[in-house]
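Reviewing the structure listed below.
Think of it as A, B, C and D in the order they're written, each chain with its own count starting at 1.
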Amino acid sequence: MTYETTRANEGCVLQIRGELDAVSVPEIRGTLDRLAADGIKRVIVDLGDLRLIDSSGVGALVSLYKRVGALGGRVSVRGLRDQPLAIFRLLKLDRVLAPEDAVAAA
Amino acid sequence: MTYETTRANEGCVLQIRGELDAVSVPEIRGTLDRLAADGIKRVIVDLGDLRLIDSSGVGALVSLYKRVGALGGRVSVRGLRDQPLAIFRLLKLDRVLAPEDAVAAA
Amino acid sequence: MGQVIKLEVVGELEHRDIALRTVSAACRLAYARQAHIPEARETLAYVMSAVGEAFNNIAVHGYRGGPAGMVEICIAVGPSRLAVELRDYGLSFDPRSVPMPDELPESGMGVFIISSMMDEVEYRPGHPNVLRLVKRLGVAGGSSHLGSGLEAKGERTEGEGDDLRNDSSK
Amino acid sequence: MGQVIKLEVVGELEHRDIALRTVSAACRLAYARQAHIPEARETLAYVMSAVGEAFNNIAVHGYRGGPAGMVEICIAVGPSRLAVELRDYGLSFDPRSVPMPDELPESGMGVFIISSMMDEVEYRPGHPNVLRLVKRLGVAGGSSHLGSGLEAKGERTEGEGDDLRNDSSK
């Protein structure tokens, strides 16, 4: 797993590549905590190059979504495909976390 | 393994991607035989996207080299890297089949 | 049932990647024999998801509070089905007692993902505990949820948790 | 020697990919523990090359003229070395009798590649035949051929074929 954050104005794009799973979540946790604490208005999580996610990875992103939302901001996920898309669909999280993508696919 | 040939004038570029090994050599053998029989003057084998080669793959390329040479043409390999480069260097085939690359690296 | 592939690794998270890559290569082998089937990507996604959660649970829950034991993974590649069996020597559990995930879940998704992504799921507690996962390959055989993009069979409102039958007869 | 990973597959070429992907994931695990070592890519290239040739030879030569039996692969990941043992139940051979490859070889490269790419190679004919391959990890421990790009230890003129000791004592 590798990741990269790009800040612009009041928003931030977080790109996560490779595998976001029980092994790699701890490596990104500090970055997620900082984003969540920042009171940032808009977080876009780009998963276009994510190969694999597991329930730990989903949990970490849902937690980010809730915490940013609690401070008045918004998190959305884009680029979902293959295995990560299958998991998000199963849990009906695509509608909540990736509404733009969900509309585009409909 | 996937492959693709592009012909231009008297030459041909053969791009081989993925794995060229005992399992996949039979799939490309027909194409190699046709190139070898054609009396083609210049064959460039692009291995820039080759992830893995084994002795069967090397043998198939050496055979192409010899057969094209016997009809007055020339085969050269370009883009060697990682595991395929290690194998070519070990067998000292980089100097023979990839002289341009070998010079560039020196 | 065709050919069997066996893998043994220590039940620690750092071995998750080895387990998944072996299963993934086996899954691709299953489809290399019937390369015309367009569902290969979807099936791979489902099987990786389920086996990944199962492995995590053994490492995190099964071997909690002690040194990790082994996980044995048997993969049987048949012409129409892929069966993956995971055996561990850790704590047992009752899958029927696991509740459905929340609407915005931060955990508690693993068992649900396993049940929903596979066609057959069976858990036999014991020494070893055996979790048997079966995925039908291709279109025939009632896998009607395949072939329509990446929609998984499970819907949260249907309670597939019940697929995980707790059959203690060995 | 740290943790052991075991894989069992049928000794047919179509299982080559599963064997190599498992070994590759194990090799990456070895380096995840010492990610500062820059030789990871080279080591991976050497180990993949050697194990691939060994697997091919078992499938093509060891199990020739009969139904293929199993190949058992044990991978031991230690802090300073990676050991891969391949066991097969097919025909035995004498590695010392294998000549060096030609200058422009179309075959006969496998045993040479195995000997040259690994730090220790040992073959014990028997039932099973056991081929033990060891690669030292990192810079320490005399792997002086590492760290200088992708140059392999072997030079065709040095006759590393002898590394393959035919030790029939079990």
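Please note the rule applied: a residue touches a chain if its C-beta (ideal position, glycine included) is under 8 Å from a C-beta of that chain, and two chains touch if they have at least 3 such contacts.
As the structure is a prediction and not an experimental result, all values here were calculated from the model.
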Set of chains adjacent to chain B and to chain D: none
Relative to chain C, chain with the most remote C-alpha centre: B
Whole-Å gap between the CA centroids of chain B and chain C: 41
Distance from chain C to chain A - Cα centre to Cα centre, in angstrom: 25
Inter-centroid spacing, chain B versus chain A (mean Cα positions, whole Å): 43
Multi-partner residues of chain C (at least 2 other chains): 14, 17
Pairwise chain contacts, counting only pairs that touch as defined: A-C, B-D, C-D
Touching residues (chain side chain C, partner chain A) in the complex: 13-14, 16-17, 20, 41-42, 44-46, 48-49, 52-53, 56, 59-60, 101, 103-107, 109-110, 112-113, 116-117, 150-152, 154, 156
List of chain B residues in touch with chain D within their complex: 19, 21-23, 52, 54-56, 58-60, 62-63, 65-66, 82-83, 85-87, 89-93, 96
Contact footprint of chain C on chain D as seen in their complex: 3-10, 14-15, 17-18, 21-22, 24-26, 28-29, 32
